[in-house]
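By written order: A, B, C, D, E and F. Residues from 1 in each chain.
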């Protein structure tokens, strides 16, 4: 019943089936163990393309394998509210991303510079919640857990199934992760 | 010992002194019970004042009792990166806030319009955590708890005392609140 | 062949099957004929919710029938990079949108004020392009066509089918619309 | 000699011809004496127009008599970096500005709401500086001078003539205004 | 007659003098043929200068030959709504741009780093439209036309002469360019 | 008396005790004499941390010795209004700042790149104003004074003591500095 499932009252139920809480390490270590990798930041300032197309470029960039893509509002000449389009990618994707920008937008030039990226070692831990199993991304720094982030898409899907707020599911997953520490 | 206090291992200790977790309702209901109140939004676009002074105006606005004060970057004429300064206040403070803007900034005019603000009924609940007692602001919508926010300043102070990450203390407070549900 | 279809060379092909260009008025007049309607702007400043959740709220707002939903970066107290969440909706949806904000975010209060919205009368016209049929939204002001915007989602789908740039398809649709004027 | 004119050394010269500093009240009182006037804020969110055109709309808005026009970067649906275009105008210009937006942009709808604007009474005072005469806009609140802003365009022109930094001329004008207080 | 010239009806006239549409290649190839050049990005965060002066710096930067200059709103310490001023320039202009920043603003330090810029080969093609001749900047990637952008200033001037919307002229120029493909 | 002290009338008093104006060079030359130093820019895009925590990170970064720390609003995937957190620091602080980001935020990776920073030589000059002594930071470029900025915190404290606008005190300090040039 939704009324029971939603709200913090739901928390109580969680502790009843406490012994059943299961924690499974399903993910291998990912990312260079606190090492640095070299990536490229590709940037272009756009003042003559519609935001519709710029949004499309973000979708395409991720489809093509960009590490990240984001926009920054910038103020350009002649009172133009421009957009700084940034793509973070591996060296062997640099040409591909440049071609994406040149083909989909009207830019005549794009900049690039190398950056060093340091990533934390991370594992995936699956925890049980009253909203179903949720994977938690666990990051370690110097052997200590510094982050435990529930997978967004799984939380959103679970929240829609149970018809509760997304933050309910995220909190439940974080709670389950902490609980499972002592099993 | 910091190493033990920080990181999620700390979670374990929490459950040991579990029976001692105390939850005290210390706050009276605040805010109109889901009713609406009339407030004024005062806005002025600034293109000839240094950001140093604009930051000072925010401090002053809160000192004078503004409900809220925030800045929005706006693009103004002649390629000026301006700032939209917004102050939300009660009707009887409107004149005072106008005078603040006219005195501290160089604006020659300020706009205002009335808005209806709907607030949730909220109480303060104090919970015990391994980082000490933390007040949690609990908001109700239609009789159901929809939010439980640990007090930021208390969490920050506790995090600095224990030399742990702020998010550690916030999570511990949220956890303690959920735990205390079943006592 | 992709190489032929992409690039402006494709334009040529367009004119070959020119006599076949078909234009069908498929849309009824929409929106109040240049009249004004009353809508509500609902706003809340958020400084204690993760952007992940804020993005989710936008999806939910549109699912629930909001006329529009958008975010504005604002600078809030204590050096917080906050977000002004704005929802434009009909009067009978005001309560629903308020509940969305109170349930999904941690806001304790939301503002609202009435705005008058003037919309142009518009029709949907379907045009043929070498990338397939595309609907064009045509807006009239004082009986004169002032806008002809190809439907974004159709253009994007067609661009992906033909493996050409989105702007290629949008230009082709605009061109076909102008061409069909004289048939 | 430029080298002598630029830099603060220039300040010294200023005081030599001190007795000659002239101050002339050339401006009549302007603006409603601290009274409020009703204006309209016209807003539209744009996600399908190039920044080039948006910049052009600002120029046109001012040419047509808008009190103010500015842009705010907003994040719209489908990952679009949109622009909130705002025009502040008198009631009898509302239709004209709406038509500007509908004609020059591709927006299908624009919002409007009334705001009260409070302006300070102001006069124009001309002061003499080593860079030539500069008009200073002086604003009064409750009979007390609260602002004295040198006219930007005059300062910029003078700075270019003397080949000094714009801030040099603005400071010189502010200084001259304060000096002339005691003549 | 203006009423006839404006609106899409104008499109019809365009095709009447179709055979007369002339296309002249007037521009030499520009920019390194898809090669990369080294440029410098100069950046400084400003929190104690008025936007009026920052806007002036942009004008000066372009006058002095900067490749690009733009502003990004940033949130700085002590609740200051600062501005990140960015200048892109050639290596031999780096000192000049630094001096501009130090002289016109109050910054005490500016950062710089080298970026690689890849530009497309481009030509200028003049096309005839009912609004007069317009130059179109045509960019090639791997021998294929990927962009055809009408010159903004020419379009704006033509739009003002004909008293039509700027987007009308830009569309007409794009259309004429595509038409001329098959002559 | 406050009424007399505030407003520009205060300026007059300044000149009465003119002979007493004292200027003391109290600061040693600071910063590399217009030389360049190497610094690191550390950046991370945050889309899953609350602004409350991000604001806290800025405080911590400065406590730990960052040269600068600022936020830029960025638009990230899935309609998230993210924040680009930037920290400028010395090379030997790079690890410390990375650890700050990994510990206090939930980021899994942070970028870094080296930048060259050019700083102006500067001295501190103390001037007397009717609001008390104020330190002025004086910067030189090629042996010429290009900036004279009153210390913000001293001006703010003085403004609060005298109950005048902050801009009053800043102007008085700038004026006193110029005056003292000729003593």
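We take it that contacts are C-beta pairs under 8 Å (C-beta built on N, C-alpha and C of every residue); 3 or more make two chains touch, one makes a residue touch a chain.
Values in this document were obtained by computation on a predicted structure and should not be read as measured data.
Engineer: Which contact partners do subunit D and subunit F have in common?
Structural biologist: The shared contacts of subunit D and subunit F, listed by label, come to A, B, C, E.
Engineer: Which is the least count of steps on a path of touching chains running from subunit B to subunit D?
Structural biologist: 1
Engineer: Please find the path from subunit C to subunit E through touching chains that uses the fewest steps, and give that number.
Structural biologist: 1
Engineer: Have a look at where subunit A meets subunit F and say same if over half of the interface residue numbers show up on both copies, different if under half do.
Structural biologist: Subunit A vs subunit F: different; shared/all numbers falls short of half.
Engineer: Can you compute the centre-to-centre distance for subunit C and subunit D, using the mean CA position of each chain? Integer Å is fine.
Structural biologist: 34
Engineer: Nearest whole angstrom, what separates the Cα centre of subunit A from the Cα centre of subunit B?
Structural biologist: One centre to the other, that is 26 Å.
Engineer: Using mean C-alpha positions as chain centres, tell me how far subunit B is from subunit E in Å, no decimals.
Structural biologist: 43
Engineer: Find every residue in subunit D that makes contact with two or more other chains and list them.
Structural biologist: In subunit D, 48-49, 52, 58, 71-73, 75-79, 81-82, 103, 106, 113, 146, 152, 165 touch at least two other chains.
Engineer: Hey, how would you classify the chain contact layout here, line, ring, star, complete or other?
Structural biologist: Contact pattern: complete, every chain touching every other.
Engineer: How about subunit A: which of its residues touch subunit E in the complex?
Structural biologist: 43, 45, 48, 72-78, 82, 84, 98-99, 102-103, 106, 108-113
Engineer: Along subunit D, where are the residues that touch subunit F in the complex?
Structural biologist: 6-9, 11-12, 15, 73, 75, 77-79, 81, 144-146, 148, 165, 171, 174-175, 177-179, 181-182
Engineer: Spell out the part of subunit F that touches subunit B in their complex, as residue ranges.
Structural biologist: So the residues of subunit F touching subunit B come out as 49, 52-53, 56, 103-106, 152, 156, 165-167, 170.
Engineer: Once bound in the complex, which stretches of subunit A touch subunit D?
Structural biologist: 46-52, 54-55, 58-59, 71, 73, 76, 78-83
Engineer: Provide the residue numbers of subunit F that touch subunit E in the complex, in ascending order.
Structural biologist: 31, 39, 41, 58, 62, 68-73, 86, 88, 113-120, 122, 137, 139, 141, 146-147, 149, 152
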